[in-house]
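Chain naming follows the written order as A, B, C, D, E and F, and within any one chain the residues start at number 1.
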């Protein structure tokens, strides 16, 4: 039996709470079950130097875990910087797909995704909540996102395909797949055989299941924006 | 008129919520008005190398601000490391006064105080909430704190002595005083003339006011422990 | 017309030269067209601390680019460390799938993949050449790889699906896909919509084309080992 | 009996020697007994970026200990950076109270306080000698300090209140108090119960004793300036 | 008998191959026996800030060893940075003697000397090959080097004076001498008694032998340029 | 006319004062004219890890300049680390020639050479004063140096050969030569043509002049030891 009494391809309870930071131009506390990520969007009236004069704005992200967001404490100095940078790059890349960069010209929106509790799926929660924070910050400029973006994790455990893995599942998965999705198609696919290979057919089944979960998340994102 | 309709020597609404982190041996979200600090206490079964064989345990603390905890975002790389280390050292020093280190022999308790929202008084909120988290972690070892410890900020603004400054007040204060207190006396006094001098008489008045506020905080800490 | 007069799903000339370093336990200079990566495998008689007593060996990798491996020089201090670490982690993860870690117990094999010339596909060349270097180093221990591992890049450019992109193609691709493959199935899939979305059908077509190229590379790897 | 045959509230022999560096705009070797701090003031014709156009100058300080200034050598890499930054910030803050910043507009004065021998009271010696170096550097601009600033350490040892602690005393003190003073009032109070609490009454007594010692130091500073 | 069947004052087989990097303005793979250094010259249309408006160009160098260029692997983080910087500074200083800096006004030429295989004499190979790469890059600007520069290592082993030491010799040398030479005289002399002293007479003999080898290298450099 | 009214091959007034640090096992303030270097020798009862069990002790050195030891202030962060490390390595290498390392077995002597005032010749003053500090520290172990070591700088300015250059001379020298000497021969020769070449004959003349100055320094070192 999965935690939360879920079926293999069912998500954990999802919550996207806005207005959680009084200063940020957009903020969202994204929870997938026990996992909690605090996402803030900061609007700056400048762009990185290499974009100067290019007629475009920029969206970037930084992902970090609080030291005790995990079962055992990870020292601030010993946190896996490679992993954190890799996820930061993924979040930034994914959310840039949601912004019309020429319309943002002259502005940078900087997403901070700080993990308060890590029970699996933190990069996906960061993208889902980050999109809400981004949309709220764009609203301050009179802009709307050009595209919705969400993400979901999937895996194979003891031969069974599952969706939205919690940490206990993730740590024993034979295959780990993260999907970044828009309503119109795929944004990013990252699949890793952790302890075994996978077939093109399994990949196709998981992509299909992920696209189904995406529809639920897209609806929750829109509801969060309306409630804000 | 002060924010929250307060009198000069009145505190902001105070909240010390426990159980906010599922993994930490102790946790407390301390709020002083809008200010929010997430405190976790992590229990380790070892001591720093220089304490080996000394028959004592250790308590230490790390203080950090999330990038958008402040009005404008502070880059993770540009956060004032000197200030953060100075506050970390203050928190650790203060909370070691609350622990019977020989009774903790063989253990380290590591407090992480991460500021979610900074509206003044973050180091005091860290000490107040950190004490609750520490007490909860000590309970896992069957130990109780040897002493209660709390902290409160005070200042002089346009000649008026005030207690528990919010950011807007703090940034215009002529004198900034942080008191760390136990029910039985003073633990630490840090007073700085930010833009002018102060007299021994003013120092004495502020210390007296701070000790009064301390009694309120000590009660709230005990209530939080009972509710946990 | 593609560089080297290639068809959309055709590889560049591939070369895997062994014996290029007199000290390393295994070495291979992997060339995909103009791209050149020098791979060395260093055998150490110890394992990382966290594996001590675990009855397993370890395989890890470091990827780096020489400053002038690119069209314009990149300062050693300004090289994209996030990207390099991300690729290092990918190479290490992929090549661990080629080693029977319990059989390696007590040993670490450390792959260094230094890019001499970067004309696209450097991470794939690192994995292909790294596997050859790894196999040679394992031979010194009387071991053989448990599985063959190779990698290939693919993409979509102006709507056309292509294989083994050179830099000029890669920089204009709308979709960028890296596949890590074993003869028996997929090891890793990393697909990114750089400037547009992609469909599950496109993903399936690219995976199929990549598996075809994999067969060519597997043959070249075996030939390189025999010639060594 | 205290070292140097002193009474509890008596200072060590104090010396403030000027002209000890041929290049600096102001220099002073401050000695409190065996403690020696070399203070230089460097005058720059620019201000930190964040002050540009603000019509103000700036005064800042850096404090560091030579590796063998202490009983046992401290490696350059392992010197307690948190403590050094904390003291640097204290010195800078204190000496800014001595300068009319608008009159300094366009200039920065940078104090370097390098500890040659550390036998207690190094931060106080830095402030006392730093003030002399600062005054000499201001003289090059035809300016005089707006206020005199000095500092003195105090403590409680085995229940006895003492002034100007040497290292052997400081390391066993139950209470450690540093006072920064002007002739007209208090600039900064930093009191820490190292191993026990203290009362408001003890604080008041120590502040009074410190203000008495301040008068001696103020006289020595003026004498040093006249002799320069 | 010396490796390669050499007499005490005879060089190893020398090769200076050009055109080894498709992007760099000049490139040369310098081999002294088994030692291999890849030298690239990158031409930039700017000068370091401190040269702005000075009417001069600049030449600088960076030297680094690949991790497995040595008998045992050296971690990228643990490579002897002091030694590498010292050699970088030597190469830059030496090659600036080959360039008419006023004629280079507005340009920087940046040499990267990356050691692929280190069997002794890597700094000398870097200077010899770096000069060829520099000359090729200057040619792109229509300039020629103002002076030829080469380098050679010498030493005393078991009392015998030898030239162009390989690693096995170098590691047992009692005296280690590196000479940087122009056809018209000495550019730099660095002699170190590794395990014993040396006399002015020995120094004079080694300088004379080094100048002889210099003539061979100067001829090889010119041949490489002609063949390019 | 040279500063101090010196002839071309005459030294500046030399002073080697001992007992300048109350904690160090050996200390010496070395002055060459205005140049001042504070040298301390710290004795440790352990050796670097790579020497464990090798039956040898170790001598090492660290050289650093105080920020305002120079005409204009150099920021602590921007001090030329390459140069400082290069000089640290030179001092350590040179002073190891003065110690019988097997007799030192189990001990490390760590020299700190901190430049208080830099008016040329700081590396030579460090070696000369460092030798005195080293000898005093060895005496605590009942050992004597196995060899005397000193150093002197020389140069060619406007065609004239000169000895013991001050900063004003050094910055215009065409040739810069540092000699490390023992009474019985040469330890190290570092000659650099700063802006022009030099001949073997000039090198020989300078070496001879330097050996003459060495005799004066050796006598001063012995006198300092006797007076200690």
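Convention: a contact is a pair of C-beta atoms (placed from the backbone, for glycine too) under 8 Å apart; a residue touches a chain by one contact, two chains touch by 3 or more.
By chain, UniProt protein names: A, B, C, D, E, F = Ribonuclease PH.
Nothing here was measured: the structure is a model prediction, and the numbers come from that model.
Undergrad: Smallest number of touch links from subunit A to reach subunit C?
TA: Tracing touching chains, the least step count from subunit A to subunit C comes to 1.
Undergrad: Out of curiosity, which chains are bumping into both subunit C and subunit F?
TA: Intersection of subunit C and subunit F contact lists gives E.
Undergrad: If subunit C and subunit E share one sequence, what is the angle of the rotation that overlays their CA atoms, in steps of 5 degrees?
TA: To bring subunit C onto subunit E, one rotates by 180 degrees.
Undergrad: For subunit F, which other chain has the most distant CA centre?
TA: Relative to subunit F, the chain with the farthest C-alpha centre is A.
Undergrad: Since subunit A and subunit B are copies that touch, is their contact same (over half of the numbers shared) or different (under half)?
TA: Subunit A vs subunit B: same; shared/all numbers exceeds half.
Undergrad: Taking each chain's centre as the mean position of its Cα atoms, how many Å separate subunit B from subunit E?
TA: About 59 Å, centre to centre.
Undergrad: What's the distance between the Cα centroids of subunit D and subunit F, rounded to whole Å?
TA: Spacing between the chain centres: roughly 33 Å.
Undergrad: So how far apart, in whole Å, are subunit A and subunit E when each is placed at the average of its C-alpha atoms?
TA: Here subunit A and subunit E have centroids separated by 51 Å.
Undergrad: Give the residues of subunit C touching no fewer than two other chains, as numbers and ranges.
TA: Not one residue in subunit C touches at least two other chains.
Undergrad: So if I start at subunit D and go to subunit F next, what's the full loop of chains?
TA: Moving from subunit D on to subunit F and continuing, the chains are D, F, E, C, A, B.
Undergrad: Name, in rising order, each residue of subunit A that touches subunit B in their complex.
TA: So the residues of subunit A touching subunit B come out as 21-24, 27, 34, 38, 40, 42, 44, 62, 64, 66-73, 76, 110, 112, 114, 116-117, 119.
Undergrad: Going by the contact rule set out above, which residues of subunit C touch subunit A in the complex?
TA: Within the complex, subunit C touches subunit A at residues 81-83, 85-86, 88-89, 93, 97, 182, 184-193, 197-200, 203-204, 207-208, 211.
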